[in-house]
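Two complexes come next, and they have one chain in common, subunit A, joined by subunit B in the first and subunit C in the second.
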Partner chain A sequence: MKYAAKRLLMLLVTMVIVSFLAFLAFDLISGDPATAMLGTQATPESVAALREELGLNRPFLVRYGEWLLGFFTGNLGTSYNYKQPVWDLIGTKVMVTLCLSVLSFLLITMVSIPLGLWSARRAGGRLDGVRTAVNQLCMAVPPFFTGILLSWVFGVMLHWFVPGSFPGLEHFGSALKYLFFAAVAIAIPRIAMTVRMLRSTIMSEMQKDYVRTAISRGNDRGEVLRRHVLKNALVPVVTFLAQTMAEIVAGSIVVEQVFAIPGLGRMLVTSISNRDYPTVQAIVVILAFWVVLAGTVADIVNQCIDPRLRLGGDA
Partner chain B sequence: MLEIRDLHVKFHNRDREAVAGVSLTIHDGEILGLVGESGSGKSVTAMSVAGLLPRKSCDYSGQVLLDGTELLHADRSLLRQVQGRDMGVVFQEPMTAMDPLMKIGHQVEEVLHIHTDKNKQERRAMALEALAAVELPEVEVVYEKYPHELSGGMLQRAMIAAAIIQRPKLLLLDEPTTALDVTIQAQILELLKKLNRESGMSMLFISHNLNVVRKLCRRVAVMQRGVLVEEGDTEEVFHDPQHPYTQRLIAAIPTRKRKEDAP
Partner chain C sequence: MNGYLRVGLILTGFLAALILLGMFWTPYDPQAMSVGPKLAPPSLQHLMGTDKFGRDIFSRVLQGAGTTSIIALSTVAIGAVCGTAVGALTGYFGGLADEILMRLNDALTAFPSILLALVVISILGPGKKRNVILALGLVFIPSFARITRTAFASLRDANYVKSARLMGASPARILLVHILPNTVSVLLPAVTIGFNNAVLAEASMSFLCIGVTPPDASLGYMLSEAQGMLNAPWYVIGTGLMIVLMVFGVGLIGEGLQRRDKGVA
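Coming up: the complex of A and B.
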């Protein structure tokens, strides 16, 4: 428990550093948002006035402090482009992307762990070559392609969902159904990678001495796998899944386009090209938080699995 | 009790037979020492008895009879009933032979989990009893520990506890003291003697260390290159070794005299 608290504190510190860097980066990037917003009508006077209005003339640290404080009070600033509070703009989009990512992650975890176990048990069998080939194929297919294929088969041909008309999160059931197909597209290559990784870790664990001890006690192969090997093989897989959780978000940016899902990805791309700094900053910090959170959760889970990792936390 | 008849084992990736026609008998309540240098086939002999041969990657023939039950060719399900219940195994490296992520107590009682339908409390009680029988202190504390929290000697005691919890007829000890330092080694030998005296459990004790075997076993068998070269009463073999290989092995034991001669 002490370890978890320590890890959470570290998470907070990391987030402050990340947010500072994000803020600093956008401050240093060339291009004055005031000039950009005014476009062709920019005169030195109007630019100066707008800079004053946006608060760009105040010292850097003051602006950063205010902005950081805003994160804790739910005020993420005002979008330059839409003149709306950033959170109003991205709030529902964050939730959509979150739903999509969590759905993909659940799919990956629930499919790849049993599949990895199964594949490890069948290792060396007659169909091993076929399994490896299928695995390679799944890994190589980019999610946007699978996405197009899925839209075509399940949307256009089977009419299980209507491609291009996302029902919105108010209709949670049908929204989930819509997101499910996108999640499958994201999950397939990741499942293949996780299965391959779990399979090879399990196979190397099976060579270890404690497996022989377990067999000498009368365990059958399945019991050895379930009772001993799986847990031992899980630590690297959990770490890998945490990376996956982070990368899912990156993957979802593309897949959101394919399925026309109004998520964070599309928002991020538009905001960047519009130099809408407050929006981009907010999205960057949210994505960074997601990545750091995934790592923290993985560390805590691993520490629960493997008591040897607890030594570092003076628990 | 245990009878090995004309055991042959040859691994597919080797030219020479690892075990080339070994016949051995262990009587009720006896501790038989099996000595030989590494690669002499003594461990493979023990693994054949324990049902731990990688059957797919070796050829094997002969018979292993435990109280009349043939084990060498027995199918897996029969073998599993015998493993842990009638036969316990203790390996050389306690650190790696234990599952690093499972509490000591749970590993000790695993055999009960597999072979009996005892409930959690009963299993725990028996595990604590077994831990006490191998003379571990504070058994309640040890029960909750993980392998990395114990010393090698304590772990090996726990391994022995796990192997004897079901009071098997036969205990296979594959170099159980080799990885331990000398004082701990002596303690473990005393413990094994005590267990043998009190429960009458038969043991096959494998070692490359003749001195250790001499302390524990009344009868000894010597293996070289997969063949038994000598077998008999331990003291007789020591005083009057018949086979040149045994003579060399005994000559190789460092004696106190030689230690004194050393600078």
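Coming up: the complex of A and C.
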């Protein structure tokens, strides 16, 4: 419990640092948002007035403090582009991206763990080389390519869903069906990576003495694998899955574009093109929070799995 | 030389030759419209068919793959050179700078590279080739720094390094002449992985139209164009397959290198 509390405190500190860096980075950008909003023909007076209105004239730390406070109270600033509060723009989009990410994550864990166990058992077999090559091939397939192919085959040809018209979360069933295809596109390369990682972890674990003892006592190989080895191989796998959670977010940025899913990623891309910095800033910090949170959860879970970690590091 | 390395080198060599050829000569002008019938399926005249403007897709894919490879190679060069420099210095000398840089590194490598690259590109300004290279290059520095740091730190007290130090060799000489050649076995697989990540990241960014934009056609941008022409599916398939084969070939080389160094077949 003490560990979890400490880890959560660290999470908070990391988040403050990340948000500070994000704020600083977007503050240093040469382009002046006031000029961008008014166009090049604007008079210096009107630019100055708008800078005053947007509060761009005040000291950096004051603005950061206000922004941070706003962030925790749900006030993410006003979009330059839509002249609306950022939260109104991205509120529902957060949910869409969350659904997509969770769906992809479930798909990845459910497919890759059995597949990894299977491939570790068959390691060194006749078709091992072929399996490794197939694995490399799956890692090489970019999600947006699979995404286009899936929407072509299942959308255009088989009419299982209508590409480009996301039903919206209020129709949860059909929305889930729509998101499923996007999740598959995200999952394929990540499944390949997880299987590869699981395979090498399990194989190095299989060479340990306790496994030889268990097998020499007449236990079933598969049973040893599931009961003993998997437990010991779990810690690096959990860490890797946390990394996967972060990568899913990155994958969703692109795949949302392919399937025209109105999520955070799509909003991020539009806002970058429009130089709508308050929106970009808010989305980046939310995504960063997601990444750091996944890492924290993984650390806490690992510490529950393997109490030795409690004695190890000073964290 | 194991099977992975052999197949990977053959595939990558073939593609590299094709791409190099494409930089000087393509069957048709990649930009010219109506070089053939519109939306023609693959044939002997047009190996990958034509798009709705009658442009030859094979020529376009060759040109796009050229752009993508140049960006990926420049990116990896920036990442590997700067990353190795940082990793070598911090790994060899250690100290407070090492502590701080490595904590920063841990934080940065936790983030997906495309997300970081998007942040950098939104600061530098989207849509320019130079900015894409700079953004991705910067993003790849931490991972190279981490890998080389470990290698340099582990060799810091090796006997041959100690004896070089006793003979009065300067730190620069020790780092470049004595340690660097011995880190090649970790550096080479890292370069292959970096190249693949760079190809995929560049393709993703250009697919989102914030990476490379016309007239510099890259494979990613072409895929986003192809998505609007699903009545010519060979455009999507041709372009996508090129990316897959490029990444697959280099991936096999990486796999082969890693296995060779571990001494497994």
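Quick note on the criterion: the second predicted complex is superposed on the first by the 306 of 315 C-alpha atoms of A that agree within 3 Å, B and C clash if a C-alpha of one lies under 4 Å from a C-alpha of the other, contacts with A are read in each partner's own complex, and residues count from 1 in each chain.
Everything below uses one rule, namely that a contact is a pair of C-beta atoms (placed from the backbone, for glycine too) under 8 Å apart; a residue touches a chain by one contact, two chains touch by 3 or more.
Since this is a predicted model, take the numbers as computed values, not measurements.
J.: Does the subunit A-based superposition show subunit B and subunit C clashing or fitting?
T.: Subunit B and subunit C fit side by side in the superposed model.
J.: Is A:253 touching the first partner subunit B, the second partner subunit C, both, or neither of them?
T.: In the superposition, A:253 touches subunit C alone.
J.: What angle, rounded to a multiple of 10°, is defined by the Cα centres of subunit B, subunit A and subunit C, with the middle one as vertex?
T.: Angle at the centre of subunit A: 90 degrees.
J.: Give one of first, second, both or neither to describe whether A:305 is in contact with subunit B, with subunit C, with both, or with none.
T.: After superposition on chain A, A:305 lies in contact with subunit B alone.
J.: Look at A:209 in the shared chain and tell me whether it touches subunit B only, subunit C only, both, or neither; answer first, second, both or neither.
T.: First partner only, subunit B.
J.: Spot which of subunit B and subunit C makes contact with more residues of subunit A, would you?
T.: Per-residue touch count on subunit A favours C.
J.: For A:45 in the superposed arrangement: first (subunit B), second (subunit C), both or neither?
T.: neither
J.: May I ask you to decide whether A:170 touches subunit B, subunit C, both, or neither, giving the answer as first, second, both or neither?
T.: Neither partner.
J.: Quick one: smallest Cα-Cα gap between subunit B and subunit C in the superposed arrangement, Å?
T.: Superposed on chain A, the two chains' closest C-alpha atoms are separated by 15 Å.
J.: Looking at subunit A, which of its residues have contacts with both subunit B and subunit C?
T.: none
J.: What part of subunit C is in contact with subunit A in the complex they form?
T.: Against subunit A, the touching part of subunit C is residues 3-4, 7, 107, 110-115, 118-119, 121-123, 125-126, 196, 200, 203-204, 207-210, 220, 223-224, 226-227, 230, 233, 236-237, 240, 243-248, 251-252, 255.
J.: So in the complex, the part of subunit A that touches subunit B is made up of which residues?
T.: Interface residues on the subunit A side: 208-210, 212-220, 223, 227-228, 231-232, 305-308.
J.: In their shared complex, at which residues does subunit B touch subunit A?
T.: It is residues 50-52, 76-77, 80-85, 88-89, 91, 93, 96-102, 110-111, 114-115, 146, 148-149, 159, 162 of subunit B that touch subunit A.
J.: Taking the touch rule as given, give the residues of subunit A at its contact with subunit C in the complex, in rising order.
T.: On the subunit A side, the touching residues are 14, 17-18, 22, 25-26, 28-29, 31, 129, 132-133, 136-137, 139-142, 144-145, 148-149, 152, 156, 243, 246-247, 249-250, 253-254, 257-258, 268-269, 272-273, 275, 280, 284, 287-288, 291-292, 295.
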